[in-house]
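There are two complexes below, and they share chain A, which is joined by chain B in the first and by chain C in the second.
Showing the complex of A and B:
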């Protein structure tokens, strides 16, 4: 426990030291990275070895409010990715921030980085409304400043503004939920929440769900993600997407366990939101042409998968079905951990591509596997993992959720239909994710370079490649040793759920079986590779150009592009994706130059633009006259307000 | 022991059956057709050759055939190929197997894109789309099987306490499954009317165009993988038609392989009497099988409580 506090202190120091060492740019970067690593390692050690859970820390603040933090089994699961990813991101930053003239900006970035980590470590432990609100707001503000790194660009400022709007209005909903709880229990503790009337629980959960969903990026409150991620530096995107948005998931889980509602509706609603986010997230990801925007939408998809698991687990709790509950919840939690491994890996890879090629437009890259081999190989592995392919980690968590969903097929009609839809969405998500990531790998890393920028790319520095390699290694390890990870994550539910011994045994046996399956697959692969090598022994292997089906004048520009690769599937799902195409086809005998241009807009963004933002702007535009710049009248407003307040108090 | 024997037998005989398809097609065309063992000759020829690699390609290109073939072999390990036991089985193995098939597809597509050829890109896009749709159809079949049988393992489906078959419990739904499964088979194994393995124009190909650049042992591995995959789907249908009789022991094998051969003949007949579909009709073809299975799954709500 004291170790954990020590680690937080060291991490905080890692934020302050670079600001002091501003003039010595490399030293400032390295000191931040070293201190963050040290702090995170101590933190990781303290939570992995801690035997007595839960334990709490508490102190008085402003002489009237108590700040209480309790670390229990669930918060432990959410702390692991924070401590794991943060040092890797910090080291990546050492390689990524390469311009000494921006040293002030970099130091400030490291300051908010450290602040974000400390707040994220404290949030899963927050034990009353005040500490929760405080850490939640710190996370929002720190991440806002991290996104604004390139503040001189207009697109970044717009993205930051959108993010700020989302995170603050989301917080309002959460505080509203807290207000409702407070009005019933009369104190700031979470303790009495379970005693609320059933109807009030629903209100509290729906209010808070809006707030948590906007942080997590659940459809339809997700569209700050595809704006904020391309704007932020890549390792910040990695932290935000891999770790920070999971705080929304944590909030949903924690509140659900606190409320302990008996109604089935909450689980069903969460499940439906999960399916929507999953399928639509990956569809939009598929249609995007910007590398980081695509990855941002893919986070929406993964949050969808996690919510499918969480929703299934809630349904299991309401139905008192231990198999569904344990498998779905464990699957969801494991996916939280898995997504925190492969998504940062992909974002770091995207950052390396951005640094080398100067842009992230998928259709203008190509052939990077030969120019940046480490980035390419780790990115390929991360892509396979995020598509849920065995023998990697993404498959293990998806399998557990599948298992729970199949088990839920045995229940009554509504649950049967929902479980069937959940399985189908998982299948569609899996298929489209493979589609999406073959597009990314194929267009960015394979084939020939399409532009001079891509031709000029070279390998990135060691501080950038080592974090990627470590993350790729973790993805493979979880795939080969699933039992340990499943059991570790499973323990995260120990403080909240009753464990049936037979279900726990079943979970372990499923883990062992998956291990056998995955290892067998790897073994077969190795065996076939050896056989292949035998067959190629002493054979003539020649090199030549790609077979162009008789056409020999091909240039890299005639390669299939990402847009053409996904066009058919995007047009199949047209009602959900707003696809605008403008094209000039071959016409007449002497055709003019042909062009094709398409744009896919997000249905949620479009609707909220037209239905909410524009009307709001119109109404507020009518009130412009209040803001006229005349100081005397402003003072008049103040006087009037005070008068009004006094009058209402007197009456 | 018995299961290993059957597994080995399947590994050896898989290249034989596509010969039946060619014979049937030749019969319909009034030709004599290639010898039954043609695929063995092809494999032998390919394994003896060297390879030509495009200068554009990387290691991903060489990984594609190996992953596909390993995945297909793993499929057969989990399937009761004429014996009442499988080499290995566990609850939930079907999900693993279809995800391993998806892994094979992922790396085949990546290998195709690795060549930088526009034709292979086109084939890859089609394969990715049709594969996703076919996977959805397969999982609805699994949902139905879970409702009928309560398990998630091929060994339990066909060799468990309550095997699924035409004559078993809820056998009325099985014809629907067979029809849907046959459509999935045609899609997954790139047969007419979805894809034409014998077409001569690259623009109209799906799977064949993706492996245009592979040669020698690499191509042999791809062919071998596709034979195993086809055998797997054919045996799946065969076991639905002709269940394994516990009393017959190893004498199940002739019945099993007889039915499998019939399925191959059916494929040959379909290929002879049908033209391939227009590319934009293929998604509808696969979705038909999805709809069939969805209908069957909804039916189980009524009488399988």
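Showing the complex of A and C:
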């Protein structure tokens, strides 16, 4: 198993070499990408062929702190997306970073990129609090520097600061949870956590949940995502959204299995948070006009779906219902994998659009399908996948969660209601997600270009299109061969759950049925396309301007905009979305020029702004006189502090 | 039998009080030289320092050189260059400062008393002097405006810390290493401060630290 360590070494080298090759810009980029690819392939090979799980690596550090890493079946599932997405993102970066004068910045970016990958590989394996804390902090800091790539822009600095605030205060909550565990077990190992009293387990889990949720982007703690993702370079957003925020999910799962609490409350709470983030996430996504901001909110939605699965699974464990447990957990884990495929795909597509058009405002783009065919088609595929449509991968994982939820309907009262709510929210999420992505694809890739920038766009370079194509292929593959993937993900639970043979057989049969369904669907699609081709075989096809409709005086500006497309749906959910809009009033028979603008603010952001940030600023503003700049008084502060400490110690 | 150590301690205490009451900067520098010398020879007169290797001797010689000659010399030249001789308008007046100095001695005695058995035998007076020097140094920095007095207060603070170390620990070689490091830091600090003093003087025609208040955000 030293292959895995070798792969980490190569990835780390991929971070250092570009810094050394600073003067040779293309060489620096390519060397980073090649080394990352090599390292990740070795890592992927080593975890896929590993036979004896779990295995540990451990070394003493500073003679007192043992750093222990144990790779078990669950960490294996979380390692696959890391090793899969990272090389693609690295290659995408080769095409995306195109200005040689920024070579230092790019090299530093690759350095932190490598650091992030190494830390993310080690985090799921961390076996004591110390190694967990170390890798967790490394992930936070490395990703902070990655977000700050465009540090000269004020919006980027603000976004980075917000992210830093969230990730550090989240870490504090996690460390507080560790502190509680430590005060009971007396050592830094995770091993004794299952022996804690039941009430303490609840405290530990809720403390750590706050920390993990702030990383994962669960509803009330999610609003760093829509700021940080637009600020970061696109492939960094892809890594962060596709892989990094899953570390929060991993933390929740891992801690839950370690604590092994018997109470139902934890599962129910996780389920409720999942439903909240799912529905509200997609709602906010719908109302956003910035492409990457929209995708960021969409990540919140997908984390919600994953948490619905995780919560159902926890309820299943507490009720000792193996069908609910296995189906929900497998569905959640598969969705982790799936989201790690289609979300990076969408972010990479958004990055390509951004690079060609210079901005990501949906209402200013349009008609890009003809100008960027590969990007457009892969984006369309990713959109279909994220909306949970067959025959793609999103459908498979959501189906498993649906299956578990329907099975949970058989239980009494509270569970029945919760399962019903989970099904309903999954339905709402699915519907709104399709609506949301018809908006994106329709406004960005179809129709006519709305601005000169969009008209001037052209296809992006090969290092950028190939990763997108590979990711789109993966989405389709999981959809067509679901049984293999379901079984692979299912094995991830092997170290933590007891497998019932009949449930495993049921899972396989459901997988097989899904496979037949998806393949039939694909066949039907192909058949329809063939029939269409056949019908149009001998006919002349004339191509006019899109939405021309024989009307010759039209301009691109009379097209539907994203805002108008979603306005009705958004206003239905008005209590949750805080929609502010200027009313259109048409006066007189020949109305003068009218304008309309709307702004949707995030309820969590608004509440924490008004309830926390502003009062805090007010209080701190009142304390500003302490900072008067007078050296003598500063020394006086020191003197008083020393005196106070000495006298309280002595008296 | 005369206790030389106690005489030196009294000398240090007197120098502290004198520095609190003096308004001439040149006199202040001279007092600091005297205090530096007293502080560096004090450990040699203590009981448990009798057996000492050549390393220890070299250390004390170096300390005498730096605290007694080099640092006061540097300050002296800095003063000559900026030609400012008096501390005008101290924040706390000279008589009041003297009174505060007496209060500090009282406080130091009470702290030493409270520590009681924790300190090695025979070091009670030493600890009292050390704490006095420490707080008087801080007080000097707090109550004066000129940058050079700040430096002198800081030196006195460092003397106090060194004496506290001597009072609380038994003789060991490791403390020399730490002290020597601190001493070099101090020397470099004073050199840098000399340069900064010169520059502040150039910029503002004065070395009043009130000019630095503008630097706050």
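Just so we're on the same page, the second predicted complex is superposed on the first by the 612 of 651 C-alpha atoms of A that agree within 3 Å, B and C clash if a C-alpha of one lies under 4 Å from a C-alpha of the other, contacts with A are read in each partner's own complex, and residues count from 1 in each chain.
By definition in this document, a residue touches a chain if its C-beta (ideal position, glycine included) is under 8 Å from a C-beta of that chain, and two chains touch if they have at least 3 such contacts.
Worth saying up front: this structure is predicted, and the values here are computed from it rather than measured.
Look at A:341: by the touch rule set out above, it reaches neither chain B nor chain C. In the superposition on chain A, A:116 makes contact with neither chain B nor chain C. By the touch criterion stated above, A:528 is placed in contact with chain B alone, chain C being left untouched. Residue contacts after overlaying the shared chain place A:352 against neither chain B nor chain C. Of the two partner chains, chain B is the only one touched by A:423; chain C is not. Overlap of the chain B and chain C interfaces on chain A comprises no residues.
Those residues of chain B that touch chain A in the complex are listed here as 47, 49-58, 60, 62, 65-67, 69-71, 73-74, 77, 88, 90-93, 95-96, 99-100, 102-103, 105-106, 109-110, 112-122, 124-126, 128-129, 131-133, 135-136, 139-140, 142-143, 146-147, 150, 152, 202, 212-213, 216-218, 220-221, 283, 297, 301. Partner chain B is touched in their complex by these residues of chain A: 366-367, 369-370, 376, 380, 384, 387-390, 395, 399, 402-403, 406, 409-410, 413, 416, 420, 423-424, 427-428, 430-432, 434-435, 437-438, 441-443, 446-448, 509-510, 513-514, 516-518, 520-521, 524-525, 527-529, 532, 535-536, 539-549, 554, 556, 558-560, 564-569, 572. Interface residues of chain A facing chain C in the complex, by the touch rule stated above, are 627-633, 635-636, 638-639, 642-643, 646, 650-651.
On chain C, the positions that touch chain A within their shared complex are 91, 111, 114-115, 135, 138-139, 141-145, 150, 209-210, 212-217.
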